[in-house]
Amino acid sequence: MQSLRNSGTCDATRLAACARAIADAGRKLGAQGLTPATSSNFSMRIDAEHAAITISGRDKGLLTPDDIMVIDMSGRAIGTSSRPSAETLLHTQIYARFPHAQAVLHTHSRTQTVASRLFAEQGMIRLAGYELLKAIAGHTTHDTRIDVPVFPNTQDMPELVGRVDAWIASGQPLYGYLIDGHGIYTWGRDMAEAERHIEAFEFLLGCELDLRRLRT
Amino acid sequence: MQSLRNSGTCDATRLAACARAIADAGRKLGAQGLTPATSSNFSMRIDAEHAAITISGRDKGLLTPDDIMVIDMSGRAIGTSSRPSAETLLHTQIYARFPHAQAVLHTHSRTQTVASRLFAEQGMIRLAGYELLKAIAGHTTHDTRIDVPVFPNTQDMPELVGRVDAWIASGQPLYGYLIDGHGIYTWGRDMAEAERHIEAFEFLLGCELDLRRLRT
Amino acid sequence: MQSLRNSGTCDATRLAACARAIADAGRKLGAQGLTPATSSNFSMRIDAEHAAITISGRDKGLLTPDDIMVIDMSGRAIGTSSRPSAETLLHTQIYARFPHAQAVLHTHSRTQTVASRLFAEQGMIRLAGYELLKAIAGHTTHDTRIDVPVFPNTQDMPELVGRVDAWIASGQPLYGYLIDGHGIYTWGRDMAEAERHIEAFEFLLGCELDLRRLRT
Amino acid sequence: MQSLRNSGTCDATRLAACARAIADAGRKLGAQGLTPATSSNFSMRIDAEHAAITISGRDKGLLTPDDIMVIDMSGRAIGTSSRPSAETLLHTQIYARFPHAQAVLHTHSRTQTVASRLFAEQGMIRLAGYELLKAIAGHTTHDTRIDVPVFPNTQDMPELVGRVDAWIASGQPLYGYLIDGHGIYTWGRDMAEAERHIEAFEFLLGCELDLRRLRT
């Protein structure tokens, strides 16, 4: 965790706790097959100006605190020459737009990838009538719906940031989003809530695919 | 297991054994992917007037005795300020209607959710011709059938209790039931039998979905 | 392993080795999900007159030597009041018909059950063109075929024994068979070969189901 | 690792490191279900003239250094009477044609087998538009495509070697290939890259099968 020693501007105890929580989440999500082939990236807010995030290219199921680095809220590496995830700006955007968000998880399961490609053309997946919608913060009944947008994939992060902002600006609620041919982003008030959101979306997308196979 | 210390009205040894059995069952069912995103709830009958049940919102794959509390048979928390599962009345109903039932398990797998949605309109799933029907207590041949009702989902527990009672009142046997967009409830003479019933229903519902995919 | 102590008629060392091999195989097959809800049964030939077999009703993924008992070659329990598997006669038949067989495995996976129901009407599944056919003893090329019969299910074991004998009498080779709505039986020159056969059949039946879904 | 002691012509430290890396990779790939029934084989380049490769017929999920042997670059066993994998020439071909390749992995998953059979007639599978294409060395965007050839299966290794050479001679890039009814071959600059390639191809082939099921 060399990068962490050099990042004197943030609280060492909080930083170490974030790094541990990220590594633990990675192990769990990796064991569930959600992070194939060094894909996926995870972060936590350290304080108003910093976040801890996974270093690019590591196996996300085998993370140790040494695989976590510090960035500022514009996505610049702090106190390290390591390179943060290529998608760092999507993390800092969430921290900027959602003040309650303390953890952001991006995974890349087969279900997420397939669902994103199937629904890319219509631009979103509507989830409705599932008891497990109650696992998404703020929902107390199955008798509701959550629309998960599917944004076109691009290697141009500012373009993606713009699409997420446009969705938010439209006034539609946002609990997570898919990128076409890629995976999901979701977040929470703490790591436990972010993990619950990942588990719930993975489950619900899987049900949608199964029902589509079975109803035709 | 603070709640357990304060519940002087029931036998401490029996209570501790129930809490251990519930936590062990949760670990097994969680490892099989049947309890996503803090869903599911489990209970055991302690004595004629009390049951042990999982506290609301806990990760059911990581239960310890501290995640178990005591309720009376009308579903009220005993000796604790913790909140029992929102579906507590479905557990106490089983203990009231089936005197032999000592353990009730509710899980929430993708197979269960998908099967419940597919068969909701016809109100039940008929399972017939499977050797594994012999895993459901009282069955000694594959040459039989078990009808599993699918009740509409609601957040109104007395309404659900009423639907279960109506099925029982109709004279049809009941070994477990699904709730639409949700999961399954089943039970047994002890925790081992309840677990065997969950495993068998999960297996049989999965076969039904596969056959439906393959036969069209 | 009480039953084993009382079975003075067979070699204690060989018996203990068989019991260990059966328990180990059960753990592996159980972890792969092939033995749901106390289904499945396993045996090994001890000597010309005895076999070790799983006691009825045990969880096959959690076997210890205490869950194994001795039978003679007509399927009678030796030195114990435990009840052997209801399908014991299918095991002793294999030892009688195939002198090289030292281990018999019967599992009950979802793939096996679904395949058996789909192909029950045509009475067999033809496996051809797979490299993994080379995992079945005596095959050195993928350019071959293996016919796996599917027999109707019955609780009458002599009837099933008769169907297996009729297949053998017809001169067709037999490496394993399915029972409709049930699972598979296969065997080997030792436990390792029997396990390899189970793994290969499970894989090949899964491929057949996938191809059927994908080709229509 | 008896064979390794007798193979005085190559560096013992490098050899031991290769054997460990191969055994570790086997455990990981076996746990993911990619190596059923003693199928699959793995190798690493030791030096310009030698490679370490799995001995034929071993359980690839339970490899120890004793299951690894040394071959020369024409596929002959060195310092041992063990028999190398029947497909050894496919490994040495990769080392000869791709000087950067240090590790070659051949696995045999259900997804790989089913995909190979489905696409055998058209001779290749085109993977395009997936973010995970970036996991294949040399790719920095999802906006690309990789063609994976599917060669007819044969037990005649020189024939297969010829087909691979013909593809290379045609000038098309080659990152891995499937054999019909069989599995995949891929490789990397080190074992970590080869493993990442296996994981990525397994994922991408699985997505292609799912989309085919869902789009019809």
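When the chains are written out, they are named A, B, C and D in that same order, and each has its own residue count from 1.
We adopt the following convention: a contact is a pair of C-beta atoms (placed from the backbone, for glycine too) under 8 Å apart; a residue touches a chain by one contact, two chains touch by 3 or more.
This is a predicted model, so every value here is computed, not measured.
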item	value
Partner chains shared by chain B and chain C (touch criterion as defined above)	none
Rotation, 0 to 180 degrees and nearest 5, that superposes chain A on copy chain C via CA atoms	180
Chain A and chain C: spacing of chain centres that average the CA atoms, whole Å	46
Chain centre separation (chain A, chain B; CA means) in Å	32
Sequence positions of chain D contacting 2 or more other chains	213
Chains that touch, pairwise	A-B, A-D, B-C, C-D
Contact footprint of chain C on chain D as seen in their complex	36-39, 108, 110, 113-114, 117-118, 153, 155, 179-183, 209, 212-213
Complex contact set, residues of chain C against chain D	129-132, 135, 140-143, 196, 199-200, 202-203, 206-207, 210-211, 213-215
